[in-house]
């Protein structure tokens, strides 16, 4: 088991509060997708700007949102409704930015880093959506 | 005029696309509120944890969301609907986290840093809400 | 007194350990210089890349180093020699990056954001150097 | 080949300037070590503070330094001496902070997250040292 797996297993053992039943496999996948997306977007933004291509600003913001989302999932899970709602909203925002960034980078057909960035962004958006679907039943009616 | 003011004036001169008519005063206020909230939450999380008080994890995430939101506003404004929707969602998420964090820190009556943190968080939530209200008319029907 | 000032005053009251005698005015100035430099570099990187100018990658890294440096100063001060040495090394690195970035952005005479960025970077490098000078007497012989 | 591997291969193909001969295996290992260290420190800081243990402030700063270092390596490599010196200084600072954090977390024998954090921090410090050793011959005399 790799490090992220070991971390998830520790977190699962300690989970309590409204998210105690969280599917840790879904969360681990989302953490890894966010980490990969931050890396790809950071690289893409750096290289696009070195090549004099505009469009990299969206990649910079996408990288930061993915990092923020990843760190939130690595911390103790929300213990009240307000914090859970904020986490859901952040998943929603990250998913929306990843799709917008994927559309933009996917349209730059001639750049290897932009093509990979678009794929990794789509994967991250899907992982955030799966995380939201997994959390929804835990929200109070 | 201070530095943030000079930056806003540069951005206003260059704005184009769907957000060209953006009220830069509202955005500058939101940038400054995010910057202050990141600082207060970072300090609060650091000192709460040094004092052996739990609850600081939310402050850490709040600090990162405010920083991510601030940087997004400092970059060229969204040029298409997908990017605008992502920015709106991020404002929504930041506002929700700031209110959740304010509720948590506001309940720790005996800590000076937590009391200040709660005030600065509320101020940031309000500034994000004002920014959303200002952007809404620019969204396509 | 503004928020950063209030935060510094709280920190000063609680300081203990090897850095208990730290000059808080020097540290507050460094925190503010790092915050301003992060903002200017983020804006500069975003706009340079929108204008198809290379060179913005250094501004991105400079923004992140300034943010990391700022947050470290907002947290409880180092309590042992190893942590103090790490803080000194981070001040050194931030100062070096700010000077490299200032040289690069200062050479782009026709960009208002790059010109401002160069000034703010130099100011931040000086503030980091002052902070190092202030910390040096506290290091064990 | 995984994503970081594909990114390294793209970067290797494009490398020019003083660091054109850089050993990409050493750099990839350092990027991965920084990513793992950021995750472990973020989790450790969050859980230590939830458990009312002080000491987490160093983990927070360590997480941010590792993230900043990782992103710098993902961007186009330094093209001049000033930027190279700043990168060396940032490697030095990250290595120093990782060792200080490992010493602190390693001393908390009863916490699984702190024990793992100490190991991952040591690994990251070693990877930064290897990166510095690899860059040194490229610095001008």
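The first chain written gets the first letter, and so on, giving A, B, C and D; residue counts start at 1 in each chain.
Just so we're on the same page, contacts are C-beta pairs under 8 Å (C-beta built on N, C-alpha and C of every residue); 3 or more make two chains touch, one makes a residue touch a chain.
As the structure is a computational prediction, the values presented were derived from the model and not from experiment.
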item: Far-end chain from chain A, centres as C-alpha averages; value: C
item: Whole-Å gap separating chain B and chain D, where each centre is the average of the chain's CA atoms; value: 29
item: Where chain B and chain C are represented by their mean Cα positions, the distance between them in whole Å; value: 21
item: Residue list for chain A, restricted to those that touch at least two other chains; value: 46, 50, 57, 60, 67, 71, 75-76
item: Arrangement of touching chains [line / ring / star / complete / other]; value: complete
item: Residue ranges of chain A touching chain D (in the complex, touch as defined); value: 3-4, 6-7, 10-11, 14, 31, 35-36, 39-40, 42-43, 46-47, 50, 63, 67, 70-71, 74-76, 112-113, 116, 120
item: Chain B - residues contacting chain A, complex; value: 57-58, 60-61, 64-65, 67-68, 71-72, 75-76, 80, 82-83, 85-86, 89-90, 92-93, 96-97, 99-100, 103-104
item: Residues of chain D touching chain B in the complex; value: 45-46, 48-57, 60
